[in-house]
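Each of the next two complexes has subunit A plus one other chain: subunit B in the first, subunit C in the second.
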Partner chain A sequence: MLLRAVLGIAFLGVAAVSSAGPIEDQIKFRQGAYTFIGWNTNKIKAQLDNPDSFSKEEVIAAANAIAAAANSGLGALYGPGTDKGEGFRKTRLKSEFFEKPEEAKKVALQFNLEANEFAKVAATGDVGQIKAKFGKLTQSCKSCHDSFREKEAK
Partner chain B sequence: MLLRAVLGIAFLGVAAVSSAGPIEDQIKFRQGAYTFIGWNTNKIKAQLDNPDSFSKEEVIAAANAIAAAANSGLGALYGPGTDKGEGFRKTRLKSEFFEKPEEAKKVALQFNLEANEFAKVAATGDVGQIKAKFGKLTQSCKSCHDSFREKEAK
Partner chain C sequence: MVKTIQVWDVPIRLFHWGLVVAITVSVISIKTNLIDNQWHLYSGMAITALLSFRLCWGMIGSHTAQFRQFWPRLSALRAMLKHEWQGVGHSPTAALSVFALLGVLVWMIATGVCADDDISLQGPLAHWLVDWVDASVSDQASAWHAFTFNVMIGLVSLHLAAIAYYAWVKRNNLVPAMLHGKQQVTPALTDQYAQQTAHDHNHFYWRLSISVVIAAVITLVLFNTQVQSWLYAPPTVLVVPASTQAW
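Take a look at the complex of A and B:
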């Protein structure tokens, strides 16, 4: 009975962490989410690079998409073991993500903060502020990539 | 000069439609976006299937993510030729999508409407209404899949 209780608790623990399902699904959902975020980031960059045709609506829509993704609970997709495995393709998450939980939490919170701040600034349509805050947002992406993502294979 | 002008116009046309870049990128961004939408849809279904642990916050976050994705201009990822090609994997978009533009527009607008309606209802926390509107939202997904998406290979 004790063994069953221990196993039960262990199982609950895993179930809670892996609410997004098998490791392969977590990695696939993660890759989908960040690809979606990347597409929206590209769109904002394209707008800022072409001030003559700047579309406030496009920037707002992309900013809202990034903020909603940042607020969607992506942390649930980082269950134990998801630094190895394949979703759409092999994950590039480094094992350091699990070895340095405090740093991982810090970069995650920073991304969430910058994404929500950026959505607020985008809504104002002030290009100067949008540009400044976009720099902060993409810096928060880079901080995480630098620490926890393998470089792309050449 | 006439030829150059004609080619120039043709090029602009392609450039405008393909603002998301090469066909492979459009397909990859599309697959990323719908994978992200699917993950959020799964989360809402899991909440509705488990009323004893229903989390209003999780449903709201997932609903906002789906609405923001629906509002993010996914149409730009359906440029000519994107019914053939590979993103993360081979696209399942049927050629009928380009042959029946009115029907394609109709299902796209319906998804957009239902996604935004659902986000409003999710914010109220009324489980009965959430369940009813979630049925409408997933029906709008299914309508498009039935018409324009190849069945998954067995």
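Take a look at the complex of A and C:
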């Protein structure tokens, strides 16, 4: 017990310097964040698909939730070695993520940009604009998936 | 002297050009931002309908549409390679291409209805799979769907290359026949063809109706979640009612 505690603290100490904890935790936080983002994009999509159910307040809440998650510093969850390992399930992050840091940074920042842009547009309640920006937002998800996410579980 | 005969019936031509349009919409909707990716579902529905119709028409359709008539046989392929094959409709090599394309498209639909891009596009069976079987099945289907796309593009390119080869090298443009359905053949072939197609008019509309109904049923069953969202409001389970949103 004591040994485990000591090791745990030592490990945390090392990890805290560079990232958000042990590899499994980083992956788990990551998966949690994107699942949460997915819930919110689904809510928006359901409302855009069926205009009768459109609620400005609800779209704003979802858009703000996505922006908050995007701005929470997700980059800290992509420490070295997190292309392998298990959070809630096995990670599908490709090793290319670490081999092409410039491209990785580009798609990551694109997502942040689109999430913030989307939150701004959501606040206006303009359905046409929301639809257009939602397309941009989901496209930023897709461009990262296309480059850095395995098509299926490793 | 050559004679002009009807080689492709109206349903076959509609199927062919419908498929061209639907596949084009499918590719544009998923690979570009020009149109909403919701169109990928609509075009998938259209392709399902067209394909199931074609599979029926291949069994009870007109002579040149029937699978058993152009089923690839080694003897016919050998004759084709020795430039000895003669006939009307799909040649033995064209038949291989037809079966390959139909097979790949059936596979694209089968994996597509199970696929999920984890962003904003779900095949009609994806939720069902995640809830009742396993999410990994849906992931696997998505991966196959994406991979088979390359195979499909390869086969379509081969198809177009063959058309170009026939037009430029063999001086035989095959495209007009797929537009107006007519082809010029030698008198000997005309007589043979007249015998083979003697029954094409029997119960034509009955066979057509049966094929259309079967195609419609398959499409509506496979895409029933989509259909329901048109008939009724889409499932709003994910959306929190305003009254409970306070916390």
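Keep in mind that, in the parts below, the second predicted complex is superposed on the first by the 134 of 154 C-alpha atoms of A that agree within 3 Å, B and C clash if a C-alpha of one lies under 4 Å from a C-alpha of the other, contacts with A are read in each partner's own complex, and residues count from 1 in each chain.
Convention: a residue touches a chain if its C-beta (ideal position, glycine included) is under 8 Å from a C-beta of that chain, and two chains touch if they have at least 3 such contacts.
All values derive from a computational prediction rather than experimental measurement.
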item: Partner chain(s) touched by A:Cys141 [first = subunit B, second = subunit C, both, neither]; value: second
item: Touching partner for A:Gly73 - first (subunit B), second (subunit C), both, neither; value: first
item: Which of subunit B and subunit C A:Thr82 touches, first, second, both or neither; value: neither
item: Touched partner set for A:Trp39, first subunit B, second subunit C, both or neither; value: both
item: Which of subunit B and subunit C A:Ala61 touches, first, second, both or neither; value: both
item: Partner chain in contact with A:Gln31 - subunit B first, subunit C second, else both or neither; value: first
item: Partner chain in contact with A:Lys151 - subunit B first, subunit C second, else both or neither; value: second
item: First (subunit B), second (subunit C), both or neither touched by A:Ser53; value: second
item: Residues of subunit A that lie at the interface with subunit B and also at the interface with subunit C; value: 38-39, 42-43, 46, 58, 61
item: Of all residues in subunit A, those that touch subunit C in their complex; value: 38-39, 41-43, 45-47, 49-50, 52-53, 55, 57-58, 61, 131, 134-136, 138-139, 141-142, 145, 151-153
item: Touch list for subunit C against partner subunit A, complex; value: 33, 36-38, 117-120, 136, 139-140, 142-143, 146-147, 229, 233-236, 238-240, 242, 245
item: Residues of subunit B that touch subunit A when the two form their complex; value: 19-20, 28-29, 31-36, 38-40, 42-43, 46, 58, 61-62, 64-65, 67-69, 71-73, 77, 88-89
